[in-house]
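One structure is given here, and the rest of the page talks about it.
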Amino acid sequence: MCRWMAWFGQPVLIEELVFKTQHGIVDQSLHARMGAEPTNGDGFGLGWYGGGEGPGVYRSVAPAWSDENLREIAAHVESPLFFTHVRAAIGSPVQQTNCHPFRHGDWLFVHNGYIGDFPALRRELMMVLNPHRFAEVHGSTDTEVVFHMALAFGLEHDPINALEQAVWFVENTAHRLGIAPMVQATFGMSDGETLWAVRYATEGPARSLFASADVDAIHRLYPDNARLERLGADDRLIVSEPVADLPGVWEEIPPGTAVTVRRGGVLEQRPFVPRRIASPEAEPALARALDA
Amino acid sequence: MCRWMAWFGQPVLIEELVFKTQHGIVDQSLHARMGAEPTNGDGFGLGWYGGGEGPGVYRSVAPAWSDENLREIAAHVESPLFFTHVRAAIGSPVQQTNCHPFRHGDWLFVHNGYIGDFPALRRELMMVLNPHRFAEVHGSTDTEVVFHMALAFGLEHDPINALEQAVWFVENTAHRLGIAPMVQATFGMSDGETLWAVRYATEGPARSLFASADVDAIHRLYPDNARLERLGADDRLIVSEPVADLPGVWEEIPPGTAVTVRRGGVLEQRPFVPRRIASPEAEPALARALDA
Amino acid sequence: MCRWMAWFGQPVLIEELVFKTQHGIVDQSLHARMGAEPTNGDGFGLGWYGGGEGPGVYRSVAPAWSDENLREIAAHVESPLFFTHVRAAIGSPVQQTNCHPFRHGDWLFVHNGYIGDFPALRRELMMVLNPHRFAEVHGSTDTEVVFHMALAFGLEHDPINALEQAVWFVENTAHRLGIAPMVQATFGMSDGETLWAVRYATEGPARSLFASADVDAIHRLYPDNARLERLGADDRLIVSEPVADLPGVWEEIPPGTAVTVRRGGVLEQRPFVPRRIASPEAEPALARALDA
Amino acid sequence: MCRWMAWFGQPVLIEELVFKTQHGIVDQSLHARMGAEPTNGDGFGLGWYGGGEGPGVYRSVAPAWSDENLREIAAHVESPLFFTHVRAAIGSPVQQTNCHPFRHGDWLFVHNGYIGDFPALRRELMMVLNPHRFAEVHGSTDTEVVFHMALAFGLEHDPINALEQAVWFVENTAHRLGIAPMVQATFGMSDGETLWAVRYATEGPARSLFASADVDAIHRLYPDNARLERLGADDRLIVSEPVADLPGVWEEIPPGTAVTVRRGGVLEQRPFVPRRIASPEAEPALARALDA
């Protein structure tokens, strides 16, 4: 069980959203309300765009609530697009390489959830990766493997399709090995230009995921709220759970849904359906894995 | 034994000076050439101005050479004025609160050197601090105590005088206790507007300290060096030891000297002479300590 | 808010009590039931007697629940007398030197609770310490200061009296400075031969503290419990909160009480009354502080 | 480049060999004399037998020279058979799961050296592992992969043969992929009953490795050395480089050699020759990899 949030909009000091909200991600690290466990103290990560080339990533094994350096960076770095993630480890070690976000080139990737029976699947899933991608996997989480699988399936060109294929491959591999497939996931990802988020569960209730409402709607609901007044038309938040108790501000993203957020606050939804898609990039990866 | 550097000039990505120089501070953490020990692996710190209110500070107990987060911050944060420091602990624990720079309000403070017989002096020196300042000392280094003593003596209004008084008080206290006084120090400090550096030893050779030369002089010396060409008239570096083998670029700051660097690359020198100076701020602190 | 436990009896693998009980200290680090906060994730410590000279101390800033090394040590080290402590920091940094137990020579010391307005008192309290003791304080907790004050007052010769004097001095200093005195504390300490525990609050309810009952009584209560059967006449546990739901096994130590546990399971109680006691050791320390 | 040592003999406090020798492993972490780099500051590990079930492992990312906990454990734990290892990372992250010794059941495994072009080989090498073994690899070092390959080839029944097969497979895989094969290695391993050590390089000079001489020979050489007098007939040290400047005490293990140390100080040598050996355990692993 983990919690994450993403901001996309006007440049803000990161602390505005991470520390200075009523129930921000750092508060969630101690007191999550919608997760399986209230405590997410097994490390955290921050990935941000703006300044230098590509995204910066700060990851630590300390609990988010006590990390002085996170407080410092959040108070002194502005960004128009960033992710934060607090981790509750389930099985894999508490180490920096297991903290989200994961990065490849300009891409950042976060995940809340799990792959059922991952230890039994890990080898077969990593077959999808060519030697170069395989060597890039430094940690031992399911998330890092899913990210690199999706990269092998073309995430950099069509992220949602590639992720659908990756989830399909996880479920398909479980079937092949006689294991009950289970992918529990909210995913967040970005290339610095667009933000994508996914909510999905192979079966049963999916992990929670919310988007902030249209800014006009928010302003009509809370005409006297000074903080919300600063929100502009370009601003969107995607969160595992609401960061403030403001009815009407948070819209639940339905299970089985992929969301695309573009500059200007544009938010589009479409169904997220794991499936095999023939594509020039995916074929060699699948061949590598399925023929093995 | 530690190593530090300070940059004051045009805004640059921190990595330009920390990682991308021939013999930058991270290289010095493994291979210092002018210090008592080649290894400075007992933590490090980075303090920078720009973005948010006051300076940001990133400190870690990991060796600078292996800290992934330092690499990330350095590659994605720009600053016109920053310090980095690599530590070789002598006696006090390797912990974040013992890493430099130390901060108070807008001020940053770094130190290379030591106070002789500090454990025997620590109580008497901390007497100078009123209860509020006393409670701000979270670590166990001599540096943090000197910094707070200088604050008690008026550092925020006249930093060099206050530091002269602090060093005098250390030497005076040693005398009173029958201990041979020894302050070995290069200090660096800033309020975000001006940069001060000091080189001093009670006796014997002082720790090394250098300033980069006047930019015009550098350009005349190396007309074809592309990196140096980017240096502007406003740019100055202060370093424990040269970060590149470029004869003529580094000017040794003489022992017993205080240097003031102002915007525009202005560098002024004056003698640094520890002494008691009657001042409205220093008197109560001295009374507190000497009458105790 | 912290949690601690002490074992004194037959040598056992530390994991028996730290990991293999229903609601042991590691479980309490995530799910304390009787404290102000359920989470005690700001570091932990283990201090044990047996093997080598004096006690060994293992302290870490990682949460107890995820520290692999704690698991290893607990699974491979046996001890007849040990303390473990999980920390919830209130104000002071999460660093190894702020983790309990604290050690001096053969002595170990743990604490749950706080000194009210400690930052305002810290300087005056540390005046009690002579320069040598002053230099031994490496962290910034109230506990470490209380421990060294008690040492200055003769803890090594008469621990309860010295601790009564230390608590008296804290309360007295607060009065002198016009601060409402408040010491909230359960203390545990040992010299390797005897175990002492104290429960005290200046006013209001004191933090919880329990001792395991007489072994015969436990055996009569649970004649068929295999784990409890292994308990011998020499075995006693002192705990912040019960480590298992076994009615009759845990006896609440009353507020304002000091408990002494000797070999053979002997447990004696007497009132704990903070007061000034003239003693050859305490006088110079008090003079140092009160005349200052 | 790393450094390691192993002790097999009478039970000793670990600090005797780790801290209290002239040039012990902790000194080597700062000042190695025979390695490619003097600094081995990227974490360390201690694996010991005695107390509890199977070996205990303490691993940390802190440099060995500054880790207080290592000092504590070494001063309070006795063992008749233990390994310590200090790491100089080359490429893979500084994280606990990349520190040696690695453990599986009763087995411990350490390594100094590297596999040439490991990132290009990693995927093909890990093919040897069945899904269960694959999931046990938590870090990203070459060593951990070699260990699990050797386990797949029967290390628990015939450790030297299995390791010869593992090294052969690394070299063979490199050949197949058109990569110049290079295994640089000294290995140490134990099951708690026997200690094995190997020195090997595919080509060129092999990393250094020494065994302590026969105790009678040592006593004849240094009849007046009090420390050496305590050495008994059962005692043997295997070290990357001598831990004291005592001519005649250290015997270089020749390149291409495997050494077996049994209780009673028995030390046997035989050639170490990487090769394919048909065995019931190795065949399925090879089939898995070669037919893939």
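So that you can tell them apart, the chains are marked A, B, C and D in the order they are listed, and the count of residues begins at 1 in each.
Here is the rule we use: contacts are C-beta pairs under 8 Å (C-beta built on N, C-alpha and C of every residue); 3 or more make two chains touch, one makes a residue touch a chain.
Everything quoted here is computed from the prediction, not taken from an experiment.
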| item | value |
| --- | --- |
| For subunit C, the least number of touch steps when starting out from subunit B | 1 |
| Copy pair subunit C, subunit D: interface residue numbering same or different (half cut) | same |
| Pair with more cross-chain C-beta pairs in contact, given A-B and A-C | A-B |
| Euclidean distance of C-alpha centroids - subunit A vs subunit B, Å | 41 |
| Interchain centroid distance [CA atoms averaged], subunit A/subunit C, Å | 42 |
| Multi-partner residues of subunit A (at least 2 other chains) | 68, 93, 96 |
| List of subunit A residues in touch with subunit B within their complex | 13, 15, 48, 50-53, 55-60, 68-69, 72-73, 75-78, 96 |
| Residue ranges of subunit C in contact with subunit B within the complex | 92-93, 95-97, 118-124, 126, 129-132, 134-135, 137-140, 292 |
| Residue ranges of subunit D in contact with subunit B within the complex | 30, 38-39, 41-42, 61-63, 65-66, 68, 89, 93-94 |
